[in-house]
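For clarity, chains are labelled A, B, C, D, E, F, G and H in written order, and residue numbers in each chain start from 1.
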Amino acid sequence: MDKIKELGFAKLDLSRSQRTGQSETVFCPGKTKEQLATILKAFQEENIAVLGTKCSAEQAEHLKKEQISVVWDQQSGLVCSEWGKRSVLPGKIAICTGGTADIPAAEEAAGTAEFLGAEVKRFYDVGVAGLHRLLSHIDEIRKADIVIVAAGMEGALGSVVAGLTEAPVIAIPTSIGYGAGFEGIAPLLAMLNSCAEGMSVVNIDNGFGAAVLACRILRMKGKN
Amino acid sequence: MDKIKELGFAKLDLSRSQRTGQSETVFCPGKTKEQLATILKAFQEENIAVLGTKCSAEQAEHLKKEQISVVWDQQSGLVCSEWGKRSVLPGKIAICTGGTADIPAAEEAAGTAEFLGAEVKRFYDVGVAGLHRLLSHIDEIRKADIVIVAAGMEGALGSVVAGLTEAPVIAIPTSIGYGAGFEGIAPLLAMLNSCAEGMSVVNIDNGFGAAVLACRILRMKGKN
Amino acid sequence: MDKIKELGFAKLDLSRSQRTGQSETVFCPGKTKEQLATILKAFQEENIAVLGTKCSAEQAEHLKKEQISVVWDQQSGLVCSEWGKRSVLPGKIAICTGGTADIPAAEEAAGTAEFLGAEVKRFYDVGVAGLHRLLSHIDEIRKADIVIVAAGMEGALGSVVAGLTEAPVIAIPTSIGYGAGFEGIAPLLAMLNSCAEGMSVVNIDNGFGAAVLACRILRMKGKN
Amino acid sequence: MDKIKELGFAKLDLSRSQRTGQSETVFCPGKTKEQLATILKAFQEENIAVLGTKCSAEQAEHLKKEQISVVWDQQSGLVCSEWGKRSVLPGKIAICTGGTADIPAAEEAAGTAEFLGAEVKRFYDVGVAGLHRLLSHIDEIRKADIVIVAAGMEGALGSVVAGLTEAPVIAIPTSIGYGAGFEGIAPLLAMLNSCAEGMSVVNIDNGFGAAVLACRILRMKGKN
Amino acid sequence: MDKIKELGFAKLDLSRSQRTGQSETVFCPGKTKEQLATILKAFQEENIAVLGTKCSAEQAEHLKKEQISVVWDQQSGLVCSEWGKRSVLPGKIAICTGGTADIPAAEEAAGTAEFLGAEVKRFYDVGVAGLHRLLSHIDEIRKADIVIVAAGMEGALGSVVAGLTEAPVIAIPTSIGYGAGFEGIAPLLAMLNSCAEGMSVVNIDNGFGAAVLACRILRMKGKN
Amino acid sequence: MDKIKELGFAKLDLSRSQRTGQSETVFCPGKTKEQLATILKAFQEENIAVLGTKCSAEQAEHLKKEQISVVWDQQSGLVCSEWGKRSVLPGKIAICTGGTADIPAAEEAAGTAEFLGAEVKRFYDVGVAGLHRLLSHIDEIRKADIVIVAAGMEGALGSVVAGLTEAPVIAIPTSIGYGAGFEGIAPLLAMLNSCAEGMSVVNIDNGFGAAVLACRILRMKGKN
Amino acid sequence: MDKIKELGFAKLDLSRSQRTGQSETVFCPGKTKEQLATILKAFQEENIAVLGTKCSAEQAEHLKKEQISVVWDQQSGLVCSEWGKRSVLPGKIAICTGGTADIPAAEEAAGTAEFLGAEVKRFYDVGVAGLHRLLSHIDEIRKADIVIVAAGMEGALGSVVAGLTEAPVIAIPTSIGYGAGFEGIAPLLAMLNSCAEGMSVVNIDNGFGAAVLACRILRMKGKN
Amino acid sequence: MDKIKELGFAKLDLSRSQRTGQSETVFCPGKTKEQLATILKAFQEENIAVLGTKCSAEQAEHLKKEQISVVWDQQSGLVCSEWGKRSVLPGKIAICTGGTADIPAAEEAAGTAEFLGAEVKRFYDVGVAGLHRLLSHIDEIRKADIVIVAAGMEGALGSVVAGLTEAPVIAIPTSIGYGAGFEGIAPLLAMLNSCAEGMSVVNIDNGFGAAVLACRILRMKGKN
């Protein structure tokens, strides 16, 4: 049976982790810092591990002031509870970025995947402008069960990686770029229109979504 | 070693199937019917199974006239070679559609997945306007290893399915709708912005891409 | 006869409430704080109840400094006069949100409807990612004469609610989301393209507009 | 209990009319003519009145050939069953258009409303370029319980009507116009951004949706 | 002969006023405050009257500090030289706004027209939501030789005014609005698609451009 | 007093020409050929000169078959009544095009202006790619009271002409171009953002609108 | 001195070839077949070689019927005069395509470059989905003085080639793709946002423009 | 052989300058100031000249604090190492701007070209609104081997320059403008759709990219 905790401004699904085998997550933007604190405390009371995404510095500071035992990572914006039980997933995720500036989105993916129990291997700054950087790591990338690619600008890295590996590829367009990059529209469209097969796409800068999908795949893999 | 067949207007990768364990595919639009026939014959000579996507009636008729032993499915636009060896993949894919008009995209996914060796189960016309249609099949959908959801209009089915299952969900926005649907932009954006976790998105009407990704996942699953 | 008060920068319609049975409203953005104060004072002199929308903190502070007897609600941005007569409307409005972050738009609707004399019942954080949260409240929602749904991200809640109720549904797309949500375009398009019947849409974050329409409906209902 | 008729490509909801008090409707585009005929026959077997929208000439011809007793209206694209029971709704709907070219969308609304049991009064070609055409009918329009406004080009008629009446206004942007009208985007945006209160918007050319919403309102009105 | 003053970062056209009968103007955005001061001083040396548009507070403050004898109007962002000779133009321009928030754009037009020698009459806050406000002033508006209409939101005022007058109408879409107003795109499209005849459009918030065109018309009128 | 002829699908304003001094016009797209014929006959009965715009070949053929005495010009799509009285306007309009392909829009302007009584001088194919073509005619263009510029592709001709003349300039962006011209969006945006002063813009391909505005200006000029 | 031939609907620049060293070109779309024939004949009379672009089958047929001695290439849409003198340019241009469907745009570039006197080497179907196809030809591509890359879908080939060569790269986005490719917008944005250096972009499908620019570069190179 | 320096968050390509004859460049946005400093130091250790683009004031200050011997130019945002060897390129680049506000983008191009060893000649504020400013410098511009044109607003300068010179033209649309300029979309589209031949386009405000391409052209020129 579904157990919901009613907070008025939020309805917490306390039985999801039991139902789905995945811990809880909270989307922080648009919530007041007080609402966020209240939500995290509610999970703490039930000892359910919880991950917050895109948590601002101001929100993180408030959580600290309220002495809620969470860890905030500035680069990825993730906030992870120190309480609760975590799962372990089989298999390995490779996470690649086109450039250094794509790392925040990649780290959101990496941190989420690690929180959910997956093993992650990072390959940062391997964009197509200097293809040998990618080619010198491709054998290692090919060993992963799933590849996540975060790239801004023209987002070509996704296509190139998907063409060079057999693993499922999840592409994260990032908002890195300027002018006609339109805050990530350019790589988003590029990734949706990839001539390479075996890739799908999540929202711009949605490292979290890519990681959750990757973990669903690993969990499914682990079932048989 | 990579074996490429040079046709001038095309360079066929004859060793990919060996390399990746997946048969060859050909994107038919923009190719003349003569080019398409030449490409298919080249694969036939090598006895490599090949799948053509978005094949027009005119192209299909030409292939027939040229007596190339392929099967064309009008609804999905797929053309499958009758020659060549096919793989078999472990696991099962559920394919859902919001409405009847989304079936062509769904059948492109289904036909591709079946060509690549996967088992497919269809759940058509289970859109959110009448939620009980979906709920009455949800237990069966939950049994699949992967769920593909094809939906046009507001594309809400993806979110609802992803919220009700634990399997990875691949969403296909379809061009069904009119006015402010903008030929599939509305469901594309909706699916990219889903509040539900565990879903990623392919191009509008890209049933093929969703199926290839699903088969990569099943193949990966089968490796351990 | 129409009585207009001429302020130079604004022409106030002092007889509308008499004509239409609805109190006056003022759109605050783009007005200087001095202009806003002058407008409110003009209504106060005539003892006509007035509601200001999207009032900024700076504007509200100025009104306070000028000792104009209004109440400002930070979350909704509404400012309500304490003077003037209010109507009472028959019937009941249910207001639902997809998530916690949609509450400001919903509260703009709720506060406006209450100012105009309607009874409001709130159902917050019932988005489609966890459908059981909605389903556990659906019987109560069905009792309302009109349902207002505020949702950002993919905006699917509108379709699901419209499919589950018989009441007219007014959808408010909110600017909640990021990346390809495009500040509310994603839910706006989703809601305009809903496969569910019986729903119409107002501007992004326009809780005010949804509430005024709902009250027109209730007023019409009350006439016979 | 929900009774669903399974056709493979479609799942018909045969108990909706019982549940919601509204007859069934079918969105024709994207369905093959054979699928459409099968669906209509299924409703005929159950003697449930059914309305098809945006039915093409080719589809209508096939229905005629199949001797299904429906009436097709070329201008509106509506196809109405001659079988089944119809409801009668209290109140009256006024339907206005900006110009002659907006009549097809308006007639889709009018025909749908009449099919669902509402009384309709038409005010065509009353656009804002010649305001006296509207003003000379405004007293009659004010007598309606609900006003539907269909307008293309700059879509200003909605705002003007909403400013002149107290009834709820439902605006239908039409695809009439050219160039920077962008197939209805211009009036859609105009209607969403109306400075007049009490109006909401449906999809471009969605006369059907406007009428269904209007009928939900009338049905709600009739309940008390 | 053309006399150009070379400043390195700018090439001033000192003979234009002689050539065209119109004083000089400077577009301030994107220029450093030092560049702006240098340009104004160069015109001062030649005693050529000059108008700066969209001048920021920071730029204006610098001009003051540099003791350049100009007048800055905060609302319109115009900065006018106190030196130089001004022309006088025949005829009269009516400037209307939809609401109070459109006044800055309207004042940019009014100030520019007055700088260029035209007589201006202001009709502010006469938007279509309360049509009687416009109708009560229409006789006076009809007396103008040219009408400029500044309106944001749905920008309907342009169409209504053009339908009620015989004068040429120049429409200024303003960036007033929110959500699907898209910073002035909604009124821009509405004004471009007007069903009323005799109107043309300038850039969003381009009061300056509307006024210069109006003054060209008045100057042309004065020639015969 | 306003005399309106009620046709059901249209309300004809028979007193406008008397009121405004301008003959009647009919926008043909979206009207059935029968509706168009009925409208034209109604004007013929009253002996009011009428101009139809964007009239299709099919519509024109029907008018011919119905023996309505109108002249249809294929290039511009204009249909002019042979009955009714025409005005004569003072002054002269220069109409320029960037290239040969812009001539249909320019001819819509020219034909309309001539129908309304203005004198027109054509300067076709004087685009900026070969500036000497324009410069060799600029003295003659400068003699006009108003300049209309029709240009597609990058639409730069408007800016160049406005910079070289003192007359008011009305710019018509045309749909000529391909790819990122987006059916006229590129020249539309270019013309709206012109760095040259004294120009305003009408809808894409709206030669009619440019001409009507030009004639309003000439009529105003003629008044004093 | 500039010699212009006046045709009324066109002004031919007969001295450009003398001035610029480049033969004449004609953009065929939007011209009637009669206008096109007249223009070509005018050049023939002067014995000036001329190239027509994007010439339709209907136009080509008319030219043939009129016995104008030109050669039309269906794939590229180019029509080349058989009269007139051609130049020879130093250096070599490599033209690459991502896929077979991009060949028409590439052939427009190749045919134009050859008409203008350049040597062209074709590398077709070397897209990034199968990188070894490109890598096996990269040494030969590196020998070219300029590289033109035509690619649709995600347009990643441009970035990869620019990263692997030192020559200037001119990218042609093609309209090949579907759904969120938006007729070439996806590769256009990708190419504009390339993380690789040394590349610029022409309009979608503008093979002609890429070739003319390449030939200007070769001509400049030949000058010293 | 390729020598890559691994920094974890970046992989520096230390042999590129050897391979391509061009010094290294770093895109500064999205990098933390610490990352930027580390990257520059790594190049300094190898004594490889390096150029940083779009470097913020905050980043520049940090570099200064860290005593890294670079020069930062506020206007262009370029940061140039004082270490390392620079090349010298043959030929000359002319850089034009439409207005004063386009200078930052032009200076990014000029500074980059100078860093890479090219000779640059500046022609600022020669936009088409006052054509004589351009024409009085055109002879000098024609002497350049390559012309770079930076222009915002309607971006017409590119077309006019390309029509008046024989050199290859590289166009930089700038984000200068407002309203429907959409941060540079208007000049971007204008430049892509130029009716003038021999021009290609880089990203909005991408002075760097234009200069690198120009230098590739000069380097190629120098080879023979």
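By definition in this document, contacts are C-beta pairs under 8 Å (C-beta built on N, C-alpha and C of every residue); 3 or more make two chains touch, one makes a residue touch a chain.
Remember, predicted model here, so these are calculated numbers, not experimental data.
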Listed by label, which chains are in contact with subunit E and with subunit F?
D, H
So which chains are sitting against subunit A and subunit D at once?
B, C
Chain whose Cα centroid lies at the greatest distance from that of subunit H:
D
Shared interface numbering between subunit G and subunit B [over half = same, under half = different]:
different
Among all chains, whose Cα centre is located farthest from the one for subunit G?
C
Counting C-beta pairs in contact, does D-F beat A-B or the other way around?
A-B
For subunit B and subunit E, let me know how many angstrom lie between their CA-based centres, rounded off.
56
Give, as an integer number of Å, the spacing between the C-alpha centres of subunit E and subunit C.
35
Centre-of-Cα separation between subunit H and subunit B, whole angstrom:
44
Expected list for subunit C, residues touching two or more other chains, is 27, 99, 130, 179-181, 185, 188, 192-193, 195, 197, 203-204
Touching chain combinations (by label order)
A-B, A-C, A-G, A-H, B-C, B-D, B-G, C-D, C-E, D-E, D-F, E-F, E-H, F-G, F-H, G-H
Contacts from subunit H onto subunit G in the complex sit at residues 19-22, 25, 27, 90-91, 145-146, 166-170, 188, 192-193, 195, 197-204, 209-210, 212-213, 216-217, 219-221, 223-224
Tell me, which parts of subunit F touch subunit D in their complex?
2, 4, 8-11, 13, 16, 27, 29-31, 35, 54, 173, 175, 183-185, 188, 203-206
Going by the contact rule at the top, pick out the subunit A residues touching subunit H in the complex.
99-103, 124-126, 130, 132-133, 136, 152, 176, 178-181
What residues on subunit H touch subunit F, complex-wise?
98-99, 127-131, 153-156, 159-160, 162-164, 177, 179-182, 185-187, 189-197
